[in-house]
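Two complexes, one shared chain (subunit A), two partners (subunit B, subunit C).
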Partner chain A sequence: MTTLADAEMGGTATPRFDRLGVVIAIAAGTGLRLFDALPTMGAVAVAAALVAALVAAMASRRPLFRLALGALALAALALGAGAAGAHLTPTDNPYARIAPASGFWLGLFATAMLMTDAMVRLKLGPLGRLVALVITAALVAALLASGAWSHLSLIAEYRNRADVFWREAESHLLLAAGSLAAAAIIGLPLGVLAYQVRAVRDPLINILNIIQTIPSMALFGILIAPLGWVAAHVPGAHAIGIRGIGMAPAFVALFLYSLLPMMANTVVGLSGVSRAVVDAARGMGLTGRQRLMQVEIPLALPVILAGIRIVLVQNIGLATVAALIGGGGFGVFLFQGLGQTATDLILLGALPPVALAFAAAVLLDAVIEISARGKA
Partner chain B sequence: MIELSHLTKVYGDVAVVHDVNMHVEAGTITVIVGTSGSGKSTLLRMVNRLVEPTKGRVLVEGRDVLKMPAHELRRSIGYAIQSHGLFPHWTVARNIATVPMLLGWDRKKVAARVEELMELFQLDHVQFADRYPHELSGGQQQRVGVARAMAAKPTLLLMDEPFGALDPIIRGKAQADLKAIQRRTGTTILLVTHDMDEAIHLGDRIAVMNGGDLKQYAPAADILARPADAFVDDLIGPADRPFHYLTLGTVRTAVEPGEADGAPLAADTSLYEGLGALLWSGRRTAPVVDASGAALGRVSLGGIADKAARPR
Partner chain C sequence: MIRDLLRPGILLRLVVFAALVAFLAAPDRFAGLLAPLTSNGAPSIYTQSSLIDLTLAHLFTVALSTFAAAVLAVGLAIFVTRPAGVEFLALSRAIVNIGQTFPPVAVLALSVPAMGFGEAPTRMALFLYGLLPIFENTLVGLSTLPPAVVETASAMGMTGRQRLLKVELPLAMPLIIEGIRLSAVIGLATATIGSTVAAKGLGEVIVAGLLSNNLAFIVQGGVITGILAVLISDIFTAVARRATKRRGAPSAAARTEPDGRQTSGA
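Now for the complex of A and B:
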């Protein structure tokens, strides 16, 4: 127990000199302990909040109480990290960087686990989970907007690249959501076709299965040649942005990856509709189209939405790789950071997609649960 | 009402239904009975073209069903199936309204019809209209299924094992209710079952199917008295035959003059129930009264036994 408490309280900060643009090499950071990183009163407050949360969480089983404790500890960690940034930043050196280190991240992980566990035990309904998601997003936005973290290196990296950040965010969303929309427009009718015409089903699923097994980097590579040819030879293609590298191959690759889950879930969902219900619909005199639109698709909707959820979460992650072939997105920061061994830049590229994927999963899970109501 | 001539359905090289000729009288209940694989469901499903006949003709009210668009034909014929097939994402009211909505009835007329049907099938409108099927008991779901089939006032109702998923007590009640509702509305019913008891209880006429052939088509009493072949005989069950026979008549037909002790029997009680009442109360005779309670005479074990004997 003592060691765990130590690990949680070791909120060390890392002052580090980042002379980006002058020399690529970055000076190694120095680790600081909690009491060195904050003024005494602040350090005592953070430590007290963490210890209190830990001890009380071990003593109580009530989920709402544990959730509140987790939130308290998380707030102490977040504000403490921000305060450490302000406290440690030297006034005379604009290149100095303060970054939260392993103690902060471990503490963040532990409190997040505590809160997630409490949320699961609360057994929130879909609407409750959506509200929790909105509150979480609002709190994160408030923290970032308040300036409490403005002295931390992650925010400093963001400030230096704010306009690029939002441009890449836009590309990232366009890639992930656009390819999903395209896959839905093509994949849903394809799924309906495969459901209605048995002869089409297996060949289609096999082809898409093969595409699914191609690694993303390889698929980008494979697409460069044909798209390059299209850009060079099809009039107007270049003008609408089709190139061998850049957004187009990334978009096409994500679209191809999305087709299988879209189509397969549509087929599975439609096949899962009770035979008695389909027979009754025919016997009542619904035409083929009425049966599909009024009975089969509504009943298959939860499974189809589950396909959309898989695709969206998968695409938000995969779109990060698009930066490697000039497709843009948060991957731009990630790969820049990897090239320069700049951890903050890596985080700037990695954290937003993680948060987006998480939010998309929570949102769509709630929608799926709502759509499945009354279809038991 | 229905005229089937030389009706045949072939899958591969197996004739599932083979050269069936049948005439169904309007306003009656006709039960098609047979074992599984006998072709009874296929025969029924050819009437509303859920199965397209390979050969032969189906006339419903004089019209050749093969010459009508299938969906229009089906909207004009009621259809109820085993395990009801209710649309799970629609409320009870919306389910019942299915065919009227397809036919484009105006909203008020649909709502009035739904309310009327729910009352007919003893489903409280306020309590059940906005519920979903999974919130109902099996017996309630089955009633909604039949109400839905009758929503657009079809003159013909096709039922494929409609009581198959119900437990015995609820099934008996559902059969009695269906019979009462049919007598009231005059709807022609063509019903498929594997249960000879159900066939005898419900059917004005019974059609026995075996191996795709129509073996016998006659009123229940004839089927019991003169089974066409060993298969029909088997299906009835020789030991049960006299008791089946007793379910067809009422004690009124066995009334003899005289008096008797103990609780009286209503004249409309079936002979079968009358026999049971006598045996269980240890009496040899019981008084019989009519609906107003006036004494009609008495009924005896011997009198009932005479009615169970094979007619000559």
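Now for the complex of A and C:
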């Protein structure tokens, strides 16, 4: 567990420069004990890329330039970490594990800040952000596929469990997206009903609000009791996979959590449709049903999509907890890792949901922005 | 005041709270109630630690981290809305938006390698995650003030500091309290999961129930945490409503948020 940690490098900054750049430079400038971890040429290359990015962060304000240098530094860090893994792994001991230490993570954090700031200042449109997301995903996939990291312990852990990993990935997505789909099918009509019938709205929102407040582990646990009873007493329930423990209570809990944002956003979206537009539709002779389907719902779409975004991001995170009640998902690795104090397993379980939630947020934000065009 | 207490919603919450206190004070008296959930004569009440100690430890962890998060987050939000900090505004917005997509459980798990087991990583994760909603809400509160109000305050000769303390913060208060409510609710949930990394709290009861297949443990741990979360959330909502009434503006708590904010999360 050697590598990249504390020394000094390029952290000298004067307040004359861009203030944000200075902060980032100090965060990263704690530097890396590169020359212990890498062959000399490699260390020089990584150090040069990092110094260039830090100086640019302090001196230049052109966002595109800063973004490019951030990407360069990130690439140097990523390849450097992989090369350090290869360099440090003893040839005679296949069980040795090399993991990046705090220097790598600090450097990663600093370059990520630099790039985020550059992206914010570039003010990318929705399509631009989607393209950036696709490029990022492709680069990460290329890095993992290239074998540059194959000596790092995280990848070693993955190799040992590749089958299980993809099976749990499937359960994770099934839990998160399946419960979203179920909540959309029930929540949208419920939202329309609550919008049209005032007497239904407040009690329904109150109940769903209370459910949202209950901690996930508590709700998963509480649901085990009724689902266990259903599995034992309702004919056929067991056959379709309903159990007290496992995926069923997790799925039901995620579904219940998802109902509030789905329903509430439908109500808010429909309430936001201008009365004049609805009156015009009525004047054109549209029936209530036609008005709803052809005018009100399309106009409320951005807000309804915002509800879907909340639910999807939330569910991807919450599905991680499902592993505690045997529901599968990436949480399996995470909690195994916590149980064995195995950092690499924790990372294997924690990083995929973080990346998925982030990607889902970027994707849906872009879709919402596109759908909102010309409707304001 | 007494009429307030007799409103059905409040009456119901008082009854639930009384039931919770009665259960925590003498859980054994309720053993019969939970017994049908056990099998093979397993105990129906968790006795490894006293339930009241676990509840207090749980609440203390959440209170400590939420308080620390509130102090820092409000301070940071004030800083980035002053001229001196404006350069950090765009980036801090982006960080908060990205940070809130992180699952709280992942933040908890990732702080274990950095801090070891026990209370420390749980408190750190609660603190870090708790910063986000409070910072975001304070920022919204401070940056969406009616310009006329701020101008009037300046015209009255208030200094920047007086304006902040007497005008801007009071006006933003309902939103700040709503942010603290979100942090506390997410914190209560994440602290439950903290029991898997040996933090003392109510999650311990649920985990023990899951490990020994004892439904009675799972249900009592789950119901206590659930009731606590709902009651605490209600208290914050009531305080926010009161703050709104005082400033005479539409309620922040009553507004449904269509802007991608999480209400639950762990």
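Structural remarks
FYI, the second predicted complex is superposed on the first by the 344 of 376 C-alpha atoms of A that agree within 3 Å, B and C clash if a C-alpha of one lies under 4 Å from a C-alpha of the other, contacts with A are read in each partner's own complex, and residues count from 1 in each chain.
Convention: a residue touches a chain if its C-beta (ideal position, glycine included) is under 8 Å from a C-beta of that chain, and two chains touch if they have at least 3 such contacts.
The shown structure was predicted, so the numbers you read here are calculated from the model rather than taken from an experiment.
Steric overlap between subunit B and subunit C is absent once the structures are superposed on subunit A; the two fit side by side. Of the two partner chains, subunit B is the only one that A:Ser274 touches; subunit C does not reach it.
Within the superposed three-chain model, A:Arg282 lies in touch with subunit B and out of touch with subunit C [touch as defined at top].
Of the two partner chains placed by the overlay, neither subunit B nor subunit C lies in contact with A:Ala56.
Of the two partner chains placed by superposition, only subunit C is touched by A:Gly221; subunit B is not. When the shared chain is aligned, no partner comes close enough to touch A:Leu256: not subunit B, not subunit C. By the document's definition of touching, of the two partners only subunit B reaches A:Gln290; subunit C does not.
Greater residue coverage of subunit A by touch, when subunit B is weighed against subunit C, goes to C. In the superposition on chain A, A:Leu72 contacts neither subunit B nor subunit C.
For the overlaid pair of complexes, the smallest distance between C-alpha atoms of subunit B and those of subunit C rounds to 20 Å.
Every residue of subunit C that touches subunit A in the complex is listed here, in rising order: 37, 87-88, 90-91, 93-95, 97-98, 101-106, 109-110, 112-113, 117, 185, 188-189, 192-193, 196-197, 203, 206-207, 209-210, 215, 218-219, 221-223, 225-226, 229-230, 233, 256, 258-266. By the touch rule above, subunit A contacts subunit C in their complex via residues 18-20, 113, 116-117, 119-121, 205, 209-210, 212-222, 224-225, 228, 244, 257, 260-261, 264-265, 267-269, 303, 306-307, 309-310, 313-314, 316-318, 320-321, 324-325, 331, 334-335, 337-339, 341, 343, 346-347, 349-351, 353-354, 357-358, 360-361, 365. Of all residues in subunit A, only 274, 276-277, 279-287, 290, 295, 298-299, 374-376 touch subunit B in the complex they form. The touching residues of subunit B, counted against subunit A in their complex, run 48, 50, 71-76, 79, 81-89, 98-99, 102, 132, 134, 145, 148, 158.
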